[in-house]
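Both complexes below contain chain A, partnered by chain B and then by chain C.
Showing the complex of A and B:
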């Protein structure tokens, strides 16, 4: 058992011992395909109240045969290409037996021995706020298997209203098409695992394979976690059914910490299935510790699935047509860093804004410059209590124009213009607006000196303090001059000019 | 399959020879009237597994059929012996057959929706119904956790990052500092 007391006793040993352990993580990602009908029946997959999306096959009515959905095969072939897998000439289906109420046939039709695709490799960037430099990671994909989803179960505890504890079953999801992606145990941290899932998600959405809403269960992730000690493999546990990026991260780290605590106290990790609770803790799921006997057998009702040359070609052509995903385009073509590219692509509104900026921008404006000014813009808009990012194409155009003029404007003037355009109802082209008001940065020393002289004369009292070397007064005078110039002189330029003025007198 | 063997095992314990029937009157009966007794000696078979309580309960759980008498267990033993005889068949280099349709290719169907069953049809065989759900005995509920939760301890394992969980999705811009 894992107790609070043990934590304190091991806390000291932790640092020296930790380096001997290495987390080993493998993932199984269940991707719900966004086909119109289920994998083996033509029952619609659209959302509906409980048990409204059921055909006889889906509830295992005897005598109904499976009818394989061609679109599911097509999507599997596309996914195989994305994950650089090998697609054998033919594949086959197997029955995996469970006895759960949400699996009405008593078995799941899946692919065990002869999956539709295998031996892939998938590369992605690993980045994090606290990670100095993003790095490229490649994972081995063991196989892709087409399989049926189960129904949904709601557990009801005992109550006066509903009587003894019971499970309620909804078969709407039963028989929906899944592709399970099995990776080799090659992830070393939870961050690597979540970056893999995030990247995969964006690709699946882009190529129209999956709707990608994790909270709706479109992608469910199982993680196999173990700790190897001095390069000796440890016993692994499996965390089932995680459906948010945050949960995947926390639960994997929780499980690693839990196993470390057991192992460092000379305990034994039990091979078991665990679930992640709402906090991300992992909890034992099945009370039996004996390994489940799935009694795999070849599905007799489905002959060999021979992959036609034409199907492969169609998959390739479609991928070709769909081109790069937004995050890849932002990263590889426009030059955003891996992290920003993914974050922008994950936010539809932000993505729309950035796409507009890219369309309007001068070629010389870099991705880093756009990012820098977007951050400034965000602060401005939040302070003015308006929604970020801006929705209009007009604004995006003015925004990029301002960025390309950033060296001909003072920083304060630029920020002020951003504020005006982001919060006001300006419809005038920003260049015309700048021209009309002569907002260009004043760089000529003579002109700046004029401003300084004028202000020093105007406020003789303050000028006296500036002369005596009072720092605060110096700053005050500087600010007055900047304001007097309508923010058209850069702060540093004013400071130099005041010093010049003081030296002269 | 296991289930059917056990079911057969049970039935053979107390049923005699019935009247032979064919789907269509006048068809030839292909099943021999008398059982064929194998001439293979039991001594040439591989060793029988010990049939103990744990194996019985394992088989009961898999097949969902209860062994209700000693006779049923004896019949199981006979069935295993029968299967053991098959081990003597030479299958060297022979790919196991799994269907009689081996030369056929799996047909595929277009992704076109059909009308799902009306809800009353779906529930026609259900004895218990709760609103629009089927009802079953409670199963596979994750156990409660009383374990403490300290993100700092947990995330120390992310050698990459600081001990914080990643932010939930926000519109926060996360670009590098310029």
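Showing the complex of A and C:
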């Protein structure tokens, strides 16, 4: 519990000194490409038991040479276009050396000095419940580099089954294709960082570049965090390997608070690598005070990667064909606000429902109206303990029909119809159902007066109390009348009519 | 079939020379039967033990790979076998191809068969492909595969009086060749005639989809005479290390070519004298990188000292790699360090470019360049040990430039010296002129 208290106190302090300390955040996003085979070998990437996806190259068999997978280049070119990067005529591969048990060659083939794409700009909306208004943010993309993934090390502790503690290595992932996206340190808040990752994720999935499941490691994020004081750069730390949006958010905020606490006590932040634990706290990973020298060297077994004009065209044409991502379409074409557009696009069932609604709806029905009634629908369904959103296309059609008719129905009638259709097994078109039961809203004052007169006469005792000005009785009488009309008269209309009735007598 | 049995018999007879690290007689017999079935004439071959052979150990003469059996064949091994080659055995070499004496490998030295061997001294066969050279010289096999990074085929060819041919970089696939220096390595051919060298090149050349640096060799017409051929003689190859005998034979060859109608031009290749320094830096960097994979995790020698991962790496490597290899790894890591890369590696790469340009420029004026292959004849082991193997570097001087420029080069046996030991002369041609090179070597060999 102590952490939460500490976070709270520092958060308050941050606000009071906001003008002096400014968080500076840069991201490195490792995107696992969803190609069928690995980056430099023809080994399939499909899921399999440990060490069943390993060809000689993947385990660094001496003498076996890398062979670049054309599909990885194609995906990189598409990604470059999405992030508005410049693609130089040629790029090159480098070896980055370090010893790690799950990196079999003793080096990773990556692109250091001559990446496949660089100098990009990527814009996205930043929104949050604590923000008054969503805003548009543009970040600089420094480079996109094609590189190999590592294998995985599994540490076993001592047990009866497996004996003494040991480390096992699974090379299935070794050599899979990654694109590392490096941004400039231009994020100022954790919210900006996660909106970037969320937006990026939706685009990568839409354009078939990455499967986008963060918990499976398809996207892994490193964040460089520092606090600048009065525009003077601070020492940065690096949070490695975050694989959920939530972790990115809490870990960056934790790190900002931690550094602020150190700095405001006149301490020194040390340049180090940290990991985020399950609570989103950052903990030191390894000593980075002695900077690792990766001893970069040009990969001699691969010629320069010269980008053909035809490849660029193919990438462009494919992007064109794939069109806008769902969240962009919802936002730019249908008119949803940025936050809802992303939220809907992130939930497959919700997205299906909304797409159906959009298909069925009258042109006049707006995105805001759909959102408003979706909220009402959600409450109704939760109360009735049925799963939201509804799965059927039929329901979506009735739902949008009802929205189109919202001004010809009373609010209560509409909610009631929603409840009936969302929980029952109605197959009748909702318009026919309304017609058959005469559920249209009654607006004619004469008609409403009739209902009022009838009820006031019927329950003389209650009517007396109403006359004497008893407020509760007034409301009871009003509700009786609404119910008597099968909820076809709007509450306010009844109230006006009762008052009219009282004035007349 | 008879030829294969004869080869096996000879291989057994020459066992004291340490030619083979592993003998693969049964496989050779099987390959011969398979070849006959396919209607291909079988012939015996020897493969340097730095080419991967599936189901047969591949050691690079190192304790590190003592028990290593690769999962696949090198492309070139596959191609040779498909054309009738029957692998008699994997030949001995300097550990991981580092050296020119074939004397310090984990499985013992290769001893030349050109002179008698005594209990504690022998004639050095040259290296690093010493085993393959001796396998040809003794007549065990018709084709021996070597590798050549700075002269590792041409040098032992000269010392053993056989032909050693390093083709243009990329003409023979490197897929399955355990690398020394990736941008200099060339699978190379030992044979007893230049014609055979060419023949073996033809059956194993061509683009290999597994090697992105492989290239096709364009067809060239065969030349029957050197009449009208422009032959360059570079002055800088006459240096202080060159022996009187070597100089004499070099001269003799040039005179012969002149007599046959070639025009002789003196050339200057001033940057060649930096080739050794340039090579040392580039090679060390690649070695450090290429050797990083020998961490004993997935394969290779594993030390018993395994308290933690880094101790395991360090002791496995220290225990199983010899001094030469470890020194180069050490130097290479130094050259690759952030603060030294610019100072050494990048400079060496620039010098390489100059050496390359200088050679290619020379080929605007001449068709062939003739030089000695080594400083002289093969030394004795005792002599070499006495100089702490520094003579190795003197010999490298003549051969390295061809690797730095990726051009084809062949060592041609041109006779014997007064002591009866064979000596070779080196021919170089422009990139992709491998055909012309072999033709001139053939004329020279038949003189």
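Some notes on this structure:
To be clear about the criterion, the second predicted complex is superposed on the first by the 475 of 505 C-alpha atoms of A that agree within 3 Å, B and C clash if a C-alpha of one lies under 4 Å from a C-alpha of the other, contacts with A are read in each partner's own complex, and residues count from 1 in each chain.
Note that contacts are C-beta pairs under 8 Å (C-beta built on N, C-alpha and C of every residue); 3 or more make two chains touch, one makes a residue touch a chain.
The model shown is predicted, which means the values in this text are computed figures rather than measured ones.
Bringing the complexes onto one copy of chain A puts chain B in a clash with chain C. Judged by the touch definition given at the top, the superposed model places A:333 against neither chain B nor chain C. After overlaying the two complexes on the shared chain, residue contacts for A:270 are found with neither chain B nor chain C.
Applying the stated contact rule after C-alpha superposition, one finds that A:296 touches chain C and leaves chain B untouched.
With both structures placed on the common chain, the touch criterion links A:73 to chain B but leaves chain C unconnected. Residue by residue along chain A, chain B and chain C are tallied for touches, and B comes out ahead.
Legend: residue contacts after superposition of the two complexes on their common chain; A:431 is shown touching neither chain B nor chain C.
Using the contact criterion defined above for the overlaid structures, shared-chain residue A:121 touches neither chain B nor chain C, since it reaches no partner.
Contacts of A:23 after superposition: chain B is touched, whereas chain C is not reached.
In the superposition on chain A, no contact is made by A:386 with either chain B or chain C.
For chain C, the stretch among 8-16, 152-160, 224-232 or 242-250 that collides with chain B in the superposed model is 152-160. Across the two superposed structures, the residue set of chain A contacted by chain B and also by chain C is 56, 59, 67-68, 97, 99, 101, 167, 169, 171, 293, 295, 297, 300, 302-303.
Every residue of chain A that touches chain C in the complex is listed here, in rising order: 56, 59-68, 95, 97, 99, 101, 104-107, 167, 169, 171, 293, 295-297, 300-303.
Within the complex formed with chain A, the residues of chain C that make contact are 50-52, 60, 65, 70-72, 74, 174-179, 182-183, 209-213, 285-286, 288-295, 297-299, 309-310, 313, 333, 336-338, 341, 345. Per the touch definition, chain B reaches chain A in the complex via residues 1-2, 58, 62, 64, 98-99, 101-102, 104-114, 116-117, 119, 122-123, 130-145, 147-149, 151, 153-162, 165-166, 168-169, 171, 173-176, 178. The residues of chain A lying in touch with chain B in their complex are 2, 4, 7, 18, 23, 35-37, 41-44, 49-56, 59, 67-73, 97, 99-101, 126, 128-131, 153-156, 162, 165-171, 189-192, 194, 245-246, 249-250, 253-254, 256-258, 260, 275, 277, 279-281, 283-287, 293, 295, 297-298, 300, 302-306, 337, 339-340, 343, 346-347, 349-350, 368, 371-372, 374-375, 378, 388-389.
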